[in-house]
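By written order: A, B, C and D. Residues from 1 in each chain.
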Amino acid sequence: MDLVFFAQDCINGVLMGLIYGLVALGLTLIFGVLKVINFAHGSFIMVGMYVSYWAVTLTGLHPYLALGIIVPAMFLFGYWIQNLLIRPIFIAERDVREPITVIVVTTGMWYVLDNLALLVFGPDYRALSPNPLKGQMLNFGEIFISVPKLYGAAAAVATAGLLFWFLQKTRMGRAIRATSLDRDAASLMGINQWKIFNIAMGIGTAVAGVAGAVLTPFYNVYPTVGIPFDVKSFVIVVLGGLGSIWGALVGGVIIGLVESIGPIFMTSTWTEAIVYGLFLLVLFVKPSGLFGQKHDW
Amino acid sequence: MKRIQLLALSLAMSLMLTSLAFAGPTVKIGNILPLSGPSASVGQQGKQAREMAIEEINAAGGIKSLGGAKIEMLYADSKSDPNVGVTAAERFINTEKVNVITGAWNSGVTYPSTAVAERYGVPYIVPVSVRDTITERGFKNVFRIAAKDSWWARDQFTFLKDMEKETGEKLSTVAFVYENGDWGTGFVTQWKKLVENSGYKVVLDEPYPSTATDLTPVVNKIRRARPDVLMLVSNAADAILLTNTLADYKVSPKVIIGSGGGHADPTFISGCGENARYVFDIVEWETDVNKAGAKEVNEAYKKRYGSNLTGEAVDAYLAMYVLADALERAGSLDPAAIRKALSKTDYTSGRGMIATYDSVQFDATGQNKNAAMSVVQINDIGKGLERITVWPKPARRAGYTPVFPMPKK
Amino acid sequence: MTQNELKRNCLIGLALAAFALPLVVSSPTYLHILIMLFLFAYMTTSWNLVGGFAGVLPLGHSVFVGIGAYTSTVLWLQYGVSPWIGMIIGGLLSAAVGYLIGKPTLKMRGAYFALSTMAFVEGVRVMVENIDMLGPFKLNGPRGLNIPPLPAQEAGFWSFQFATKEPYYYIALTMLILVLALTYYISHSKFGYYLKSGGEEPEAAQALGVNVASCKVAANVLSAFLTSLAGTFLAQLTLFIYPKSVLTLDLSFELAFIALIGGRGSIAGPVIGALLLRPVSEFSRIYFSDTLPGLHLIILGVVLIVVMLYQPRGLTEPLLGLFDRITAGFIRKPQEDTV
Amino acid sequence: MSLLEIQDMTMQFGGLVAVDNLSLSIEKGKILGLIGPNGAGKSTAFNCVAGVYTPTKGKILFDGEDVTSHKPWDLCKKGMGRTFQIVKPFAALTAMENVMVGAFATTDNRDKAAAKAADVMDMLGLGDKKDLKPGAMTIADRKCLEIAKALATNPKLLLLDEVMAGLRPTEVDEIIEIIRTLKAKGMTIFVIEHIMRAIMALSDEIVVIQFGKKICQGEPEAVACDEKVIKAYLGDDYAPA
């Protein structure tokens, strides 16, 4: 009996963890290329969720089919934000590799986006409708598997795989990787670093949109929905190694498992403390994270 | 630096001028509410109810004993932050020279901001903020409309006992699951005191972070503990998440009972849909309350703002009428006079008196001693999911039999 | 008079004006806003020792505010120890924590240091929210601690409670002036030079005999101590503390914003930043929060973005430049003085 | 007596041997030049001496004391001053303040540090640039500033890492002049340099390394004629000064 619950918690932990990984994926990608921590990441997730919500509400599409609208919309949003707000800072602080001012700008974006959502959509908690995935569960005796989470986990792995393939195999992907390793050298090789930054930000934001579409079938949408995901994403990307795609998924799964299995032994408020403890431990022992590049810290 | 000083000065001046601009016979009420941040939803409800009440009062001729003085409302956003709440209270009292303050929903904000009002001797009406100690500090200027923690908890247990008697269903185990904020942990302290003499066994005592992104582990603990009664204290987002997850995992204790807050949020039902069915919730007010005028007020509110009144909104609405009544009797804007009038309040009739009980009266601590609770059940009896009053029995909606225990899923 | 003398005289004048202000401004509201302004300028100046001079970005300084607030409050409530003594004890405790947390984290580079300090403050907040009793000390978990206000005649210096705003005003102002003087002294001392050089080019500084890591840790210890004192002050001012009010990321972020808007690493930066940012958030909240919820935070966000886009080094330098240009007309050029 | 003595020093990064069993010594008051093709391990050897890396094997004696795993800041206090191949000025400080950071190694007093810094800057001909920010200085001046910072620490031994790289010939001459002046004052100097003309003109002795190994050591003229050196390194590059 206890084993059943343990298995149940493990399964949920892995599924939820992969979804956390997907949520953090955009953040890690943006950091990998721009070397910027996007403090507005949670707000990007929030925007992704609202875009998904409206895409589904207005068209009546299945949330996963709505990705066809969500992904391009979010890509353009990220591209535009980078071009408008972050690029000028890079230009102004050319000799600094990680301009700290970007942190202020992204936090400013966070305030603006969250409260714009409050102003425009109000504080209501919105549930997706139509929601074909709502409450769908697979049943194996005593063990339940949530279908929307299963879809989400699969989407996480698929997105990470696609991203990995894109970065390894395509011309654009190689240019992005070259820029992330050494932006000056990449510039010398004729790569337009601003365009790369815009595209990387666009992709990172589009991934946040995918995360939004994955979350809405089992999560409500409201203006501050991004905040809990924000800090969690930071923890995940540092655990996995800033800039590492697979690291984000593994970091996500670790957090998911700690959150799921921890409460068997303690209250879930203490597991939260464990998560932060684990985070600090990794920082002290292996600051580059599990899959991080040493040159990044 | 000089320029900045100048800028600050001119800002300060313009502020003073604006406050001078409103002369004439007005009563100023400062309202501190969480209008942005995680509690924005409930803050907005409180604001809307206040607005409607004050417009009605002003339209009906204002405060007659003060020569038909109109009431002017000022709002301040606390962001649920005590420091911001204190600054707002300071500003209301000293700069805006308000006559009365109301607020602040978050106990964490009410607590220090009432202390400010007490220091300056300005009456402070607390429509809702449930922590017991708010009225237990010997303050002379604080008046609370809503019931306090311990009463909510007491009535939840009484409800369970009454229903056991009524239905013959035997309940033996309870689980406490609550958000780990000041509200949740404050509430659960009361439960723990009460449960000792109730004969119930506590099989789970589980706080969870109110910003939790996944409550499946908590739900699994509930599954494992197999309680007869699941008692919850939740904010809106987590109430919805928890209810949906419970349904997903087919967890069906005999009784699920919430403690207002998130369970009373208008979006709770739309966010959970069928999953919310049969959930009990303790509230101070419900749309089906058998009270003269309640329906009209609710209709007016719904027409204006698109949703039903909530317990929180009713307390705010009532608070405005209680205040107007006290001002009428005080016939003066002297704080001492207002305070005296408030303490002698016996508000029994009038448009504002739509609460379940008969009269608002404050005891020596400033607590509305008549504040009473009712329990509702969410169910669909042909008109979609709605909240149906079931307890106390005399207040029960005619013809409705509570589903107790919940059917197994 | 040279430009520098003029500046010095202006500063003295400003300080005197600040001391005389309560004689003119009697409204406790404005005094309260000014007290908070001084307090934030004070905290940011303390933050600046690490965040400005040592060239890293700490986003967890509210930990020290929290330690200060909790230490003095617990000691006062349970043992009747004067908050003034509690303030010092809290400061020492914060210094110790600053050492322990600074030692491993200050070796890390930019982003990692910022994230680790964030995780630290979140971790501490979660812990405190879980702990009702820490050994013999009552922390009261998420419900926080309430300092019962004393009646006016019993309030006073020893209890750090005052019936009026003026004493708070003068305490905050004095704290601010002292910490500014300390910062001035440090930035003109060997330690200050070592910090600044280590913050900019650690390797080069090491080659010049600077033990960069120890300098940063030392700065963190000092900064933790000073920041912690503000925690006690805040607790005595609001008489109520709970984890979400003193141990939050919001507070840590605000300190960093004030410093960055004002200009990191300059002495005037935190004061100018506080003078600009505090009124923006206070007044936009006063005027907009009731009609358009959230608009005041949008304004704050836009101000942050715009300042960073156009003055990424903060506003102190352009403002001082403006001051020079305006005053240049009134005074003789320094060269003419000497020649 | 030798001021600096390196005994069988080896530095390995993972599988890569950057410095292989290197031994050399510098007499007090002399100038030793270290040359070798790109990637020969010169800078690594330098960084081992200056304490940035701890050598995998071998010993470093400074003024008779074993300083093998000492930290850079300790070595500085013991009298070792160094410059960096890529100049690293403290951008937010003025030139004078840059030099004062170095001067603080000898004193805790600000005025004394300022006086010392002023002396050094005057000596190096930076006297009129004290209040400039490094960003506003020419490359040559920034290189000079780098030397000034190191000199302000009152070193017994000065490690110069390609201070002349990227300078115009006239500027190179100026730096050579400065180094000669320092030698005349009794300073011991260890130089890495790419500009052959300069190193030939300055050094009392030259060590040539390739693939981390010493392949030749001797007076400039002797080294210049050494066949191994010519083959390994000088061959195409060397144009008689």
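By definition in this document, a residue touches a chain if its C-beta (ideal position, glycine included) is under 8 Å from a C-beta of that chain, and two chains touch if they have at least 3 such contacts.
The structure presented is a predicted model; accordingly, all values stated were derived computationally and were not measured.
Chemist: Could you pull out the chain whose C-alpha mean position is farthest off from that of chain D?
Modeler: Chain B.
Chemist: Which whole number of Å gives the spacing of the CA centres of chain B and chain D?
Modeler: Roughly 74 Å separates the two chain centres.
Chemist: Using mean CA coordinates as chain centres, what's the gap between chain B and chain C in Å?
Modeler: Each chain reduced to its C-alpha mean, chain B and chain C end up 36 Å apart.
Chemist: Nearest whole angstrom, what separates the Cα centre of chain A from the Cα centre of chain D?
Modeler: 48
Chemist: State, to the nearest whole Å, the distance from the C-alpha centre of chain A to the C-alpha centre of chain C.
Modeler: About 33 Å, centre to centre.
Chemist: Could you say which residues in chain D touch two or more other chains, in rising order?
Modeler: none
Chemist: Show the residues in chain C shared as contacts by 2 or more other chains, in ascending order.
Modeler: 126, 129-130, 293-294, 297
Chemist: Hey, what residues on chain B touch two or more of the other chains?
Modeler: 36, 40, 43-44, 180, 207, 209
Chemist: So which chains actually touch one another? I want all the pairs, not just one.
Modeler: Those chain pairs which touch are A-B, A-C, B-C, C-D.
Chemist: Taking the complex as given, what residues does chain C use to touch chain D?
Modeler: The touching residues are 188-190, 193-194, 196-197, 200-201, 203-212, 265.
Chemist: Enumerate the contact residues on chain B facing chain A in the complex.
Modeler: 36-38, 40-41, 43-44, 180, 205-209, 211-214, 216-218, 220-221, 223-224, 236-237, 240-241, 244, 247-250, 265, 267, 270-273, 275
Chemist: Considering only the defined contacts, which chain B positions touch chain C in the complex?
Modeler: 1-5, 8, 11-12, 15, 35-36, 40, 43-44, 47, 74-77, 80-84, 86-87, 90-91, 93-95, 108, 111-112, 115, 118-119, 131, 133, 137, 180-182, 184-186, 207, 209
Chemist: Quick check on the complex: what are the chain A residues that touch chain B?
Modeler: Within the complex, chain A contacts chain B at residues 2, 5, 8-9, 12-13, 16, 20, 115, 118, 122-127, 134-135, 137, 144, 146, 218-220, 222-225, 227-229, 232, 256, 259-264, 267-269, 271-272.
Chemist: If we count contacts the way the header does, which residues on chain A are in touch with chain C in the complex?
Modeler: Residues 31, 35, 37, 85, 88-89, 92-93, 98-101, 103-105, 107-112, 114-116, 118-119, 123, 223, 231, 234-235, 238, 242, 267, 269-270, 272-273, 276-277, 279-280, 283-284, 287, 296-297 of chain A touch chain C in their complex.
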